[in-house]
Structures are given as structure tokens and as C-alpha cells.
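Each chain gets a letter, A, B and C, in the order it is written, and its residues are counted from 1.
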Amino acid sequence: MNLLARLTDGVPARSLWGLGLLLVLLLVAPALLGKYGLSVLILVLYFAYVGQAWNIMMGFAGQLSLGHALYAGVGGYIAAGLFFHYGIGPWAGVFVAVLAASVAGSIVGYLGFRFSLAGVYFALLTIAFSEFTRIAFDHWSWAGGSGGLFLKVDATSDILNLRGGPLLFYYVILALAVAAFLLCRVLLESRLGRYWLAIREDPEAAQAVGVPVLRCKMIAVVISAAMTSLAGVWNAFYYNNLFPETAFAMGRSIEFTLAPIIGGLGTLFGPIVGAVVLTGLGEIFTDLSELFHISGLKQIFYGLALLVIVMYRPAGVWPWLAERLGFAEKRR
Amino acid sequence: MTADFLLSLAQAITKGLLTGMVYGLMALGLSVIFGVMRVVNFAHGEIMVVGMYLAWMGFEYLQISPMLSLPVIAAIFFVAGYALQRTVISPFIGRPEHQQFLLLLAIAILLVNACLAIAGPDSRGVQMDSQFESYELGAFVFDAVRVHAAVTAIVIAGLLWLFFTRTRTGKSIRAAADNNLGALVVGLDVRRLYAFTFGVGSACVGAAGALMITIIPVTPFLAAEYTLLAFVIVIVGGLGSMTGALAGGLLIGVSEAVAGLLLQPSLKSMVSFGILILVLLLRPQGLFGKSGP
Amino acid sequence: MSGARLELDGIGKSFRGLRAVHDVSFEVPAGAINALIGPNGAGKTTIFNVIAGVYRPDAGNVRLDGRPISGLRPDRVCDAGVGRTFQIVKPFKGLSVLENVTVGALHRRPALADARAYASDILMQLGLHDRRNQAAESLTLPDRKRLEVARALATEPKLLLLDEVMAGLRPTEIDVMVTFLQELNRRTGLTILLIEHVMRAVMALASHIVVVSYGEKIAEGTPGEIARHQAVLDVYLGEPEPA
């Protein structure tokens, strides 16, 4: 089956039309939204993208990583560092960044899987590696140490070097998000995707029917890490600064997990819906807490929202929403 | 190696041991909770920070020393932990890890930001009367405050040991931890036991917080670090082992102190994480944990 | 799929000093249906786990059509042609019935559509086709057992290891399963080795029986021989009280 057929196989026509319409809206959104609206949409797309990446490892392959900031940080720092020190643009630097993150992912994955770490033990391993790297970067002068790495901002527009205004970054992150979505769809409807789901459900039974569990898990980690590193590169050039304290922070790792968990793990639309919900809630809560001038109020609302969602919709918002709208994703 | 250096090293080790005892107490709470219920308490550091704040408030507004407010704080935490487990956490036992993680993350966010809202972001410390006293033993100088904290921690750990080995509830909890189904079959009210366990674990943490504030000032941002530290200690020492939690605490306390001396202080956590990685790979059951899943 | 010959040669396996299996040897000719019986805890599932690659034997080796397979990982053992079911069924709960079997079919048929079609066929043979889109976790136990067999068959094995597949089934369901296995064996020549407690099924299916107790083989022979074998009777019924 050719690629287009594989992508659309089994999808009802109205869903395809709906997605098409959504894509068109997203393409013209900058013309419709103001500067603030655009920045919010950029955030949504960013979280949808990193959410898709994390979802591959957790939702599809069932491996809980709480240290994904490692890959975003490594990716961002390498691309930014190459640009800062040698003038190598991100269009080239991204390859090195992705390679480095993939190696990092392979190490974490190999150690974790080879030594049969699962569940919380594996999650702790991922945290340990991320924290370890954070402290290492704090002391690495090439990367700017704890003082940070700063990229020059100038008025020139240079697409290949990711120099430009929000509009450029919007379309880049939109492209990434769309590509991630399509990739996830293709992966799910492939042998590898099916094997991942089997591993997620029951690794022992999967092995008994010939699934090469270690290899599949490794592939999941590497793809997830590589994708996440792209977000790191994007992030570095969008904000133009990097600090180990934030680039590798556990808070960042946790951020990556929220959209897919809240939206619905293991589903295609989960991370996207989750990103919309989270960013939306974030903006509402920011506004609310500004009314009251209490530090930490926004986070308190946020925490309450998370609590409510995990208690009443533990499978995520999307499965519930999809049922309501009659869009149930095919039972996998 | 000069005599001076050796002395500094020995001092660092003893300081690490003393701090390590308090770490051990904190980790004990986590070990009890995870060992019995397999709940990954990502809010552990946050709970301790709340304990630190309570002790600080007792000192700041009521002029009560944390050492005295400790039993009260522990009691409050026991009740709160029991209630939390019965109401919110109980349905999540046995659910997938990522859901437990999200639940406790939400609780952690609420706790930390409540502290932030109430006490602000500045660091709050306790200046005890004994702050500048010290005990001397030959060439060694021990901060009185640290010694008191360590001794109290040992006493509390001892009381816990008695609880788990001599009382019926304690033994029932250990039974339930060892074999959940078996415990149900012999008629133990496992839900109540779990609530009790969470209460005991939280009380430990609260007590550790009251002790910790005498050594280190508190800010809301310390919480995440302590959660991680508690996990490192518990994994290194061995899940479900009380001795392991204390031993792990001592080991990490010492390695932090020594790393702070030999390398840069900012690298001390790196050593702890390095140890965690090694333990996870080579001996995941930890120093004192039972081998095998 | 035609059957493979299975040879076990002096298999031994201990767990931390506890000897689970000791010096077990037997052969299952290609295309035969044999049974492995014995009291609970005799080591039968351990033997299966050694054959299937879950455990590496401490002693002895396993050969499939003369090719050694002991020590291979379970997925490589499946690749060599061994399919197995588990004593306590392990369906992929979150997946549908069809998707469960498709995972098995993907082993020899990497194209998803092809694998699904083949899986569908197998479901038809096992009478599960009408429930193919149901979630596996919603199936009744007998259906789950059939699903387990279907999934193993989807890997196109030459040797099928069935671990107490009759347990929990009602007599009519047992007969259906027995007929199915006999048909399958007759049609394709698939070699089948069953661990079974349900004697009705053992006697109906097996042409040869191996009896183990406390990890050792104590007898082997035809069903008729085994039913009269003193050591077997002792082990199942207990030795007679001393006078």
C-alpha cells in the first residue's frame, strides 16, 4: 500500500475532512490571530509535538521516562553551541543534535532494558541521567556553564539559521507537529507499532509470539529522543538562551508528559487535545491569578486541574471527548 | 595526604553521618510507603518541606523549638496522611504508574505552591539557641544542632522499629507488604493498614522536616530536590528495608559531604546520581533490599 | 505448517538451590500429539519454559528437528517454530481479539494487512471471528483460552506447547477443543505437546504420555500403559498405607 493509502486506511471521510479543515485553519491562523494569540498557539503546537514524541515511548511502547529533558537539552545545546562557536547554522547543526540525542537515548534505553529495569525504577534511571547531565553542563564552559548560553538576536531573517520573528517559528513548529502526527499514525499502523502495543500490554506474551522486545523498546527510545531533540533545537533558537538549570530540569521533563497523559496515552489525538487543554488552562489560570496577586496561585489552580483530571478522567480527556463526539479512535 | 586534610575529611564524614541520619529518617517514610503499597510518592519532598515550614512557623510565631514541636507535627502529619490515603490515594493503588505519578505530582504542586502562597519564596531559617554550640571530641568538632538532630532521628527510628516488630498493627503492615493477598485471606483490613502506613510514613517525614529545619533553611523550591534525594536513598538502601533507608541516608549524607570537600559543592548531587545509576544497574534491590522482584 | 521433532536431553533446572527439574529426557516425534502430566509442582511448566526459552537450562539441551534451541531468547525460539500458551492466559487486554492474533501473525507476515487477514482466518477456525473487534479483556475464560491458542497458531509454529489449555473449561468446551486440536494435527501435521490435568482430554488426544513428579521423569508410554503404571498411580493416588 502506498503511503497515502496507509495513512487514510480505515479513517472515516468526515474525519479526513475535519483534519483537512483544521490544517487549513492552522495555516492561516497567523493572519487571524494577534501577537498574543499566536504565541499561545505556538505553545500549544510545541506541547503537542513534544507530547507526540513522549507518547511514542510511553503510550505506545509503555516505557515511563521522566527524564526527557535530557534529549531536548542535549539537542538544544549542541545546535546552539555549534551556531554560537562556529557559526554552523541549525539546518546543519540539527543533524548533530539529533545524533547526540539518539546516542543518549540508546544509552539510557540499553542500560535500562538490558538490566531489566521497569516501571518506577526505569523512570528513576531516566531522572538520574537527566540530573547528572544537568550538573555536568553547569560545569561545561563550552556550553556556557551555569551562566547560560546566549544566541545573538538580530533583525535579519534567515530561515535556515532559524533567525526571524514568531511567524517563522510558528510555521516550523506547525510543520514539526504535523509531521509528528503523521509519523505516529504510520508507526501505529505498522508492524513496529503493533509490536509496541503488545509490549506495552504484556512483554512476556509478546516475546512468546516472536516480538523482539529489547530491539523494539530501543527503537522507541531512540525515535522519541530524536524527536524531542528537535524540539530542543527549536526552543533554543526561539528563546535564544539556554541554561542547564532549565534545559535539563525535571520540571521540563514533567511538562513533556502532561499533555499526553491528560489528553490520553497511546492515542493519536491525545497529546494534541492535552496540549490544548493544558495551554488553555494555563492561560486562564494566569489571568485568574493576576487578579489576586498571590504567588503560586496559578500553580495551585494548575495542580487542582491535574488532580481533577487524573481522578475523574484517568484515561485522558480525548477518549471521553471522542466518545461524546462520535469520533472514537478504533479500538487498538 | 597531610594531617590537616585527613582531619577535614574526617570532619566531613562525620558531618555527613549526622546529616545522613536525618536524611535516613526522611527516606524511612518513603521506604515504608513504597515498600508496603508500591505507591511512588512523588510528593515526598513536598511533604517534608511542609513539615519544615510548620516547624519554622512554630518557632517564628510561638517561639517553640522544632525539637518540641516535632511530636505535634508528626501527629498532625499522621492524621493528614491517613486521611489523604483513605480519600484520594487509595483508588490509585494498583493503577498504572503514570497515573499514580500524575496524582502525586498534582498533590506535590498543591503543597509546594500553598507554601509559596503562605510563606513566600524567601528562605526561612531557624536560629536555635544552640546554633553556635558544639561538642568536642579530641580534634573533632561537632555542631550541637546536628548532633541533636541525628540523635533524635535515631530515637525516632528506634521507636519505628519497635512499632513494626512489637505491635500488632506494625506486624500486620509488614505482613501486608510482604503478601497482600495472604494478608486479605487472613482477614487483615488491608485498606486500614495502608492508611495507617501512609500516616506513619508521613509522620516520619514531618518529623524529619522538623529536624531538618534546624540544620538547613527552607524554601519551596527545595521540595523537588528532596523528593529525588529520598528516592536515591531508598533505592540505594533497598526498598522496604528500614535499615536500608537509614544506611542509604548515611551513605548519601557522607558522599555529599565528601564530594563537597573533594570536588566542588555543586557537584555533590552528581555523585549521588552516579551512585543511583550504579545501584539501579548492578544491584537494583539496593544494599539491604531483598533480592528479586 | 508441518510438525517438528522435539528432543529433550537431560534437562535440569534449579532455582536458587531448589531443583525444579532434574535429568528429564524425552522425545516427541514430528506430527505427534504427546502429553506431559504429573502432580502440581512437578516441574511441567518449568520444562515448557525451558523449551520456550524463558529459562536457560542448567544442564542438558533441547533440539527442534535436530537443531539446538536451548538458551535462545523466547522470540528466537518462536522464530524457530515453537508456539506456546500460558497456564494463566495472557491476552493483550487493551487490544481487540483480532489485533491480539494479528500480533502473532506479524511474525511471519510483516505486512499488516496480510497479517490481519491471516489472523482473521485463524479466528474463523477457532470460532472467535464474530467477536474479533471485542476488547480481549471482555472475553470469557474459555474464549480467552481459544484466543491464546489462536495467537500462538498465528506464528505458524511447527511445535505447539499447550499449558493446561483445558483448565476451567466445561466438558462440552473441552470436547470442542479436543476436536479442534485433532483436526489441526490431522490437517497440518503440527506437533503438539500438552501439559494437562484433564485426563479426558489427555486420553483422547495423546498417543504418548510422559509423567513427571518432583522434577523427574517417572514413566512414559501409551495412555493404556500409563493408566496401569504403578509409579504413576502412587504419585497421583498416594502410596498405600503400610499395613
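In the analysis below, contacts are C-beta pairs under 8 Å (C-beta built on N, C-alpha and C of every residue); 3 or more make two chains touch, one makes a residue touch a chain.
What you are looking at is a predicted structure, and each value in this text was computed from that prediction instead of being measured.
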Interface ranked first by C-beta contact pairs: A-B
Chain of greatest Cα-centre distance to chain C: B
Distance between the centres, which are taken as Cα means, of chain C and chain A, whole angstrom: 43
Distance between the centres, which are taken as Cα means, of chain C and chain B, whole angstrom: 49
Distance from chain B to chain A - Cα centre to Cα centre, in angstrom: 33
Of all residues in chain B, those that touch chain A in their complex: 40, 88, 91, 95, 97-99, 101-103, 105-110, 112-117, 120-121, 220, 224, 228, 231-232, 235, 264, 266-267, 269-270, 273-274, 276-277, 280-281, 284
Touch list for chain A against partner chain C, complex: 1, 189-191, 194-195, 197-198, 200-202, 204-213, 266, 331-332
For the chain C and chain A complex, residues of the former touching the latter: 52, 54, 73-75, 78-79, 83-84, 86, 90-96, 99, 102-104, 106-107, 110-113, 115, 133, 135, 151-152, 154-155
In the complex, chain A residues that touch chain B: 58, 64, 66, 111, 115, 117, 119-121, 123-125, 127-129, 131-132, 135-136, 138-139, 146, 250-251, 254, 257-258, 261-262, 265, 294-297, 299-300, 302-304, 306-307, 310-311, 314
